[in-house]
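Chain nomenclature is as follows: A, B, C and D, assigned in order of appearance, with residue numbering initiated at 1 for each chain independently.
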Amino acid sequence: MDTMDTLDTACFVAWFEEAARLVRRDRDRLTELDAAIGDADHGTNLDRGLTEVIKALAESPPDTPVQVLTSAGATLIRRVGGASGPLYGSVFRQMGKALRAPVTLAGFSAAFEEGVVALERLGKAALGDKTMVDALAPASRALALAVRDGVGVREAFEQAARAAAEGAQATIPLQARKGRASYLGERSIGHEDPGAASAALFMAALATVAV
Amino acid sequence: MKKLINTADSVVEDALNGMAAAHPSLRIRDQVVYRAEGPRPGKVGLVSGGGSGHEPLHAGFVGYGMLDAACPGEIFTSPVPDQIIDATKAVDGGAGVLHIVKNYTGDVLNFEMAAELVEDVEVASVLVDDDVAVQDSLYTAGRRGTGATLFVEKIAGALAEEGAPLGEVARVAGEVDERSRSFGIALTSCTTPHAGKPTFDLPETDVELGIGIHGEPGRRRAPMVSARELAGIAMEAIHGDMPLHGDLLVMVNGMGGTPLMELYVVFAEVAAFVKGKGARVSRSLVGNYVTSLDMQGFSVTICLLDDALTRLWDAPVETPGLRWGR
Amino acid sequence: MKKLINTADSVVEDALNGMAAAHPSLRIRDQVVYRAEGPRPGKVGLVSGGGSGHEPLHAGFVGYGMLDAACPGEIFTSPVPDQIIDATKAVDGGAGVLHIVKNYTGDVLNFEMAAELVEDVEVASVLVDDDVAVQDSLYTAGRRGTGATLFVEKIAGALAEEGAPLGEVARVAGEVDERSRSFGIALTSCTTPHAGKPTFDLPETDVELGIGIHGEPGRRRAPMVSARELAGIAMEAIHGDMPLHGDLLVMVNGMGGTPLMELYVVFAEVAAFVKGKGARVSRSLVGNYVTSLDMQGFSVTICLLDDALTRLWDAPVETPGLRWGR
Amino acid sequence: MDTMDTLDTACFVAWFEEAARLVRRDRDRLTELDAAIGDADHGTNLDRGLTEVIKALAESPPDTPVQVLTSAGATLIRRVGGASGPLYGSVFRQMGKALRAPVTLAGFSAAFEEGVVALERLGKAALGDKTMVDALAPASRALALAVRDGVGVREAFEQAARAAAEGAQATIPLQARKGRASYLGERSIGHEDPGAASAALFMAALATVAV
């Protein structure tokens, strides 16, 4: 049992730095996923947003994990636009609101779950609607299970990343019921949801920052 | 892909600079387009916005008798709350502000967030959802807002100009949406500057039926047929959802890359269809109004007019994209 | 090639039917487009025409303050003398008729033949030849008429509406042409319905500089560059031929397949160029006005204004393609 | 010497019928030539015009060669438009004005020459400007030489057709000075002029009607 590890501010900054790097790397893939069942802007949107997040974190260096999340959430809301801006922004803003210092894995997990609940409420989306929820909700569940099982941070985050990746893959056969892809009706089947794919990147980034 | 741009990142800003240079009637600040003369005390302010790439919608409809401000987002990306908050505060003349929002998750969320955050301004909101290609269901995002947005902006704008109160302007705006239906067909995909290649592939032999305005694929692919048959498909879809009768406002709208000549060919067929149903083309618009970058194709939008709506449609309007009566 | 047409042979007729259905202000007879209300006694009549495929030019400029009749030919083919004769006779209000003719061999010959054959109507004629991409020489067909045609039709139309005599209307029309220059750039070729494939091939990396409005190749092929540089090429060509100074009327015109957003990007660059030369954008137009079917690209047309021309430009106009002041 | 052969009305009708057939057959080639240095409508224009010519001749059958030419010239002027309509129309209208009955080869040649002169005057084009003149003027000259040499009608017409075909070919290296191709400046070099090409078809048609 090593859930006594705490996550400091640098970890949270590193999380967004790594997420920004992965999204930049996969920008075109995300945009192509969005082209198939949406409007071909998801990679550009998120890349723009995370670039601004990193800039804002560099300009006013945060003192606490809460400040990292609050800053990132606000920046995403203020700079991304589209559906994913307010949705991702709300995840991190709400997570920041719920987070307590010092940040244990249990605390992280609980706050993350609140972020996901805020997302579901705002987007009125449930698991299986073929949205970013399909990656984030399983990730949150994996974190909770890891806490229950007393798994270490690194492994917990890796399990969350795996769950998110699997959740993103699992959107492929689904018919979209929310967001732009829902306009396609049955034609949305057979494509990975771009928001779920980017959510998987967020969780993959998380897995790299656990010490 | 060849585009008349400097860089993909600067295209929205560069285009807004062009608008400002071309239209002294507009003033542009922090990516919001305003009437240069500012708010008129006692007049309800009208704010709309959405992703860029649909020009002249929305920025081209800022001016007398129509919008007070437009918030252009990045290409195909709804604006952010900051823009909407700025616009809402700036255009309030003390009588409140109406948000005209196309029904897309992103637009709805960003306008909602903005409305919550604006203090001291009474805000009402109307959702435009006219696209019959999309199934309307409690379990989906609902119908898209497309061509009817122009109708709502024009008619609500005329009413606001007359000094009607916010509730009344919002009510009539909603009424216009309820009485309007659209259907769109693409011959080609558009290409966003960032993606640099067509959003979808469409062979020479096929068209996309039931497209929206974000360059997204449609509901169904079908073989390319004559203008008469394509117009028939669009009109049957509209008529099936809202039986045509009485006096109609009819827009045949180009998606951006289609020549006006072809839009007139389509209009002739639409008019013949309307006549065949015993209804009447009372007012019309033919041209590029609610576009999707360089997409080739068209949409038809129809509104069931009554005398009050006709009068408001005919009222003077003076914007870069729509102008008559002054 | 996918086009919103019924058949290649019927496209002009079908589009005219669409125009008639959309615009009760127009009346169409024997492939001539008239103002529905007919000629006004004592007013000089204005007739123009040319190949179809340039819409809204010319038929879209029939109405109060602009043309009395337009004669649309087949696609890219000047009208025949019969159309011009019909139009000339029909619009004469006793004060004579001005023919506004773009300088192309076909247009010139057909209008000349018609003018010779019309009896009992005083006919004057103005030749529009504004395209600086074409070398002006005694031994060639001379410069093409392109964007300035709209300026000539608008300003001469305003003057005729005021009751000026034929000689005066013709003189000012000629003056507008003399004070106007254009330059066009294509990113893609257009496709005529009959040919069914692009008139010329243009790789992704290249543009055609100095194109006209018939989808003909330009003077020279060059690598695709930014909107800023392309605008610079067009503006240098114009400025080199007619140094810019004072108040300018500036049109950034789309060739038919280019989104409005990109035209605004170009307009911003054109305005910056104008400013750099110490001249001033006094009036402007941005949009698809003198097109070449589905071609992507733009042209810039600039007219050196004076107070009299500015006043006539600002005068009310009410046509499907250009409208303000009523 | 067999220049005493006379050309009757049927010959003239056959001339236009054969010209219409050849232009229909080569319509796309003519349009492609026009696409290269013009506006891609010459084949369509002339095909439309000659179809109308044949229709008009069928509707009001002409009694004389002059009537054939007058009808064809008027129809081309009234139905073609563009540059080629008035130009071809004037050739035949003027030829009709100049023709005297009965039509000998010498009479044909003289009238044809008047048609070509009318064309040159109307279009202000001279040999070498890369227009239909470059096919028609050599054809007229070949007819005149045939008359001088006492050649028979069939051979005279064949020589005219050959001269026209060679004239059309000879436009390839020229830089256009008239018509739409002149806008291209030096880029007009290396392409056959579409009007010269169609003029060669007119003369080829003539060669088939000589009895």
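Here is the rule we use: a residue touches a chain if its C-beta (ideal position, glycine included) is under 8 Å from a C-beta of that chain, and two chains touch if they have at least 3 such contacts.
This one's a predicted model, so the numbers in the text were calculated from it and none came from an experiment.
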Chains touching both subunit C and subunit D: none
Intersection of the contact lists for subunit A and subunit C: B
Most distant chain from subunit D, judged by the mean position of its C-alpha atoms: A
Whole-Å gap between the CA centroids of subunit A and subunit B: 32
Intercentroid distance (Cα basis), subunit D paired with subunit A, Å: 75
Rounded Å distance, subunit B centre to subunit C centre (Cα mean): 29
Subunit B-subunit D separation of Cα centroids, rounded to whole Å: 54
Residues of subunit C whose C-beta touches two or more other chains: none
Topology of the chain contact graph, where touching chains are joined (line, ring, star, complete, other): line
All touching chain pairs, where touch follows the definition stated at the start: A-B, B-C, C-D
Of subunit C, residues touching subunit B in the complex: 1-7, 11, 14-19, 21-23, 52-53, 55-56, 60, 187-188, 204, 207, 224, 226-228, 230, 252, 256-269, 271, 281, 284, 286, 288, 291, 293-294, 296-298, 318, 320, 323-326
Residues of subunit A defined as touching subunit B within the complex: 31-32, 35-41, 43-45, 48, 77-87, 122-123, 177-180, 182-185, 187
Complex contact set, residues of subunit B against subunit A: 51, 73-82, 104-106, 109-110, 113, 133-135, 139-141, 144, 192, 194-195, 199-200, 212, 214-217, 219-220
